[in-house]
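Input: structures, listed below.
Two complexes come next, and they have one chain in common, chain A, joined by chain B in the first and chain C in the second.
Take a look at the complex of A and B:
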């Protein structure tokens, strides 16, 4: 160390900034995740459908949003949506939509994997017992699939939280944005970036350790 | 609003330069990641209490914080501690390499654990030292089984190089941003840039699938 002294007074006096940022991060995270769960269920089932009108668009959403950087997706939604559809959205709404579709693609693959892992005999048995296709899916296949989907879904939740930091580049006032703003006022890079990283870590840690236990139990 | 797809062609050299930097960044970070991943995985499996802790803390901390935060921390804070004067490009190589190194270390760990213990016993019984057992017997088998995971991590890295644009590395996303402000052709520019990334990652994932098929046939 070249004689650098840590001084946390700047961080403490700007705790409000970090806290407001954290709240925006939480809002963005939860809403994007909710959108991702709903969308992911739709495109995951859609991709498995035998009907091409359902399977093809679902595959497109999954491939495009998994195959491009989330940062470029954010830029695309931020700059292009207002031009293409003449809509006015706040940066936060744009980020929720963009990250929501990003997680839709990944959740879609998790849903597909979970359903494909359920033994075919289960469906055949349910159908033979006279259950409709929808009943088979809802009462037999999904409950079994969901149990397998838990660990990857939790790891996806962690990934979406980490991706919310990218929204700072389209001016969403979340934690990373506030951290950056605070450093440009105080030049206390080490203190602010460390504290900010620790905040993210503190949110991820319970999820990750719970995930570890789940994986341990399922023997994966 | 008028769409002029021709701007992509007019500025092809500019975009191509960005693409080359993206590829270079991804490969350099991948090299660093592999150099970090093997010792980290070995430390987590065979190390003493201290090295095990350090390696574990590295992996957990990287996996529990956003890559963007890591990038900013490394790019801005390392020079403060070391007095090092570095370019954004090198900052991005180190930050992305450290990031993917942690994920690769987990892949290596799973791969090494997956090698049957009998292999080690047999190698030791044949008189190989513990170092050559690891290097010549365990690692080659582990690498084969985890190659798909490593390649998937590489695809993720390829896409995540885009965050280097935020510290001013002139890669593809940065080129797209500049082109956007120069031409106001947002739709054309960002769709084009996204399309380039998509082509890269689709080619890479087709490669992974092919590899998995070849391996499945061999087994």
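Take a look at the complex of A and C:
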């Protein structure tokens, strides 16, 4: 070892900075996930539609947001959107929107995969009973698809949480941003970045372990 | 009750039905037999419009199924009308297709509630009556995976019956079953035939066909080759294709 002495007093005295950051992280995470779930359901169903006007835009959203780095997406929304369309949004709103679309793309693929994994006979049996397309989707296909979608959705939630740290680069005062600010005041890099990593890990851990149980149960 | 006229259907450039004509009167049981690939299943799937067809007409209870007439031409009907027509046609599949996330009772009451607009108590009363009849009332709150294949298929039959359909279609409903479970399903179908239900049955079970059929239609290469009573078609087939087929299966 290099003889570095760990000193956590700086971390303790700036705990409310970290707490403030954690709350912003939570807000960003939950709202981006919510947006991603709603958007993902729409583009996932859209992509499966036989109507081109629905399928084509859905495919575009999915491919563009899966095929570009989330950091580039974030910068594009933060710097380019105001110039091109004259929209003014706070950094936090920009990050929620950007990460929300990022997870929309992935959730969209999870939704599509979940629905396609439901046996075609299920739809046929429902339609043969006289159920409409919408009733068949709501009562028969989605409930079965959602069961298969749980494990990848949890994994997606973990990915979005980790991606929230990128928002620090457009000055969103979330956990990573506050950690960085604290190190520039104290130069206690090891302490702050380690504590910050542990906080992220502590949030992910229950999700990851729940995920493992789900995968074990579904035999995956 | 069911009228099929000049029914044509192709998958791409492969013709599956090449002009099928059939009539099934009320309370009649028509059994359709024939080699695999002869178009039997496709015929059933056209009758409840799970498959669109290229030419011809299908009438159930005097109403066109899946199509309506506009300026003398047949065009695809609205979704709502197609759904309404399907509600009058019960179908049972080879693969059962019970809804695995719903209990037996929930499987049976779904369509009566959502399509017929029955209240839950009304739908449950109908469902419990039917389940009692097939001796599976004690399984009402079980999930399909907890039942044997024969039990699942009998629930699937009851699920279709709960809609009080005008006609029941059976598409090789015993083909996926363990041989020792075939009997219970055929017994139930015999019972339905005896109580005067209108049925179209596609099957490979020749003994069963002889038992229940008022008439038998033999299909080959997308056409009805021969049609008549069981005695006519099974015992004295006139067409060499029928003879060849019966020679293979018996």
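Note that the second predicted complex is superposed on the first by the 220 of 220 C-alpha atoms of A that agree within 3 Å, B and C clash if a C-alpha of one lies under 4 Å from a C-alpha of the other, contacts with A are read in each partner's own complex, and residues count from 1 in each chain.
Note that in this section a contact is a pair of C-beta atoms (placed from the backbone, for glycine too) under 8 Å apart; a residue touches a chain by one contact, two chains touch by 3 or more.
Only a predicted model underlies this, so the values are computations on that prediction, with no experimental measurement involved.
Colleague: Taking the superposition on A as described, I'd like to know which of chain B and chain C A:73 touches: first, second, both or neither.
Modeller: It touches chain B, and chain C stays clear.
Colleague: Determine, under the contact definition given at the top, whether A:206 touches first (chain B), second (chain C), both, or neither.
Modeller: Neither partner.
Colleague: Pick one for A:131: touches chain B only (first), chain C only (second), both, or neither.
Modeller: A:131: touches chain C, not chain B.
Colleague: Of chain B and chain C, which one touches more residues of chain A?
Modeller: B
Colleague: Does chain B (first) or chain C (second) touch A:121, or do both, or does neither?
Modeller: In the superposed model, A:121 contacts chain C only, not chain B.
Colleague: Just to be sure I read the superposition right, which of the two partners does A:140 touch: chain B = first, chain C = second, or both, or neither?
Modeller: Second partner only.
Colleague: Quick one: which bits of chain A touch chain B in the complex? Just the residue numbers, please.
Modeller: Touching chain B from chain A are residues 1-2, 4, 63-64, 66-73, 75-76, 79-80, 83-84, 158, 161-166, 168-169, 176, 179-180, 183, 189-190, 193-194, 196-197, 200-201, 204-205, 208.
Colleague: Considering the complex alone, what residue numbers of chain A touch chain C?
Modeller: That would be residues 119, 121-122, 124-133, 135, 139-140, 143-144, 147 of chain A.
Colleague: If you look only at chain C, which of its residues touch chain A in the complex?
Modeller: 48, 50, 79-80, 83-84, 86-87, 89-91, 93, 95, 97-101, 110-111, 114-115, 156, 159-160, 163
Colleague: Which residues, counting only chain B, touch chain A once they are in their complex?
Modeller: The touching residues are 1, 60-61, 63-70, 72-73, 76-77, 80-83, 159-163, 165-166, 173, 176-177, 180, 186-187, 190-191, 193-194, 197-198, 201-202, 205.
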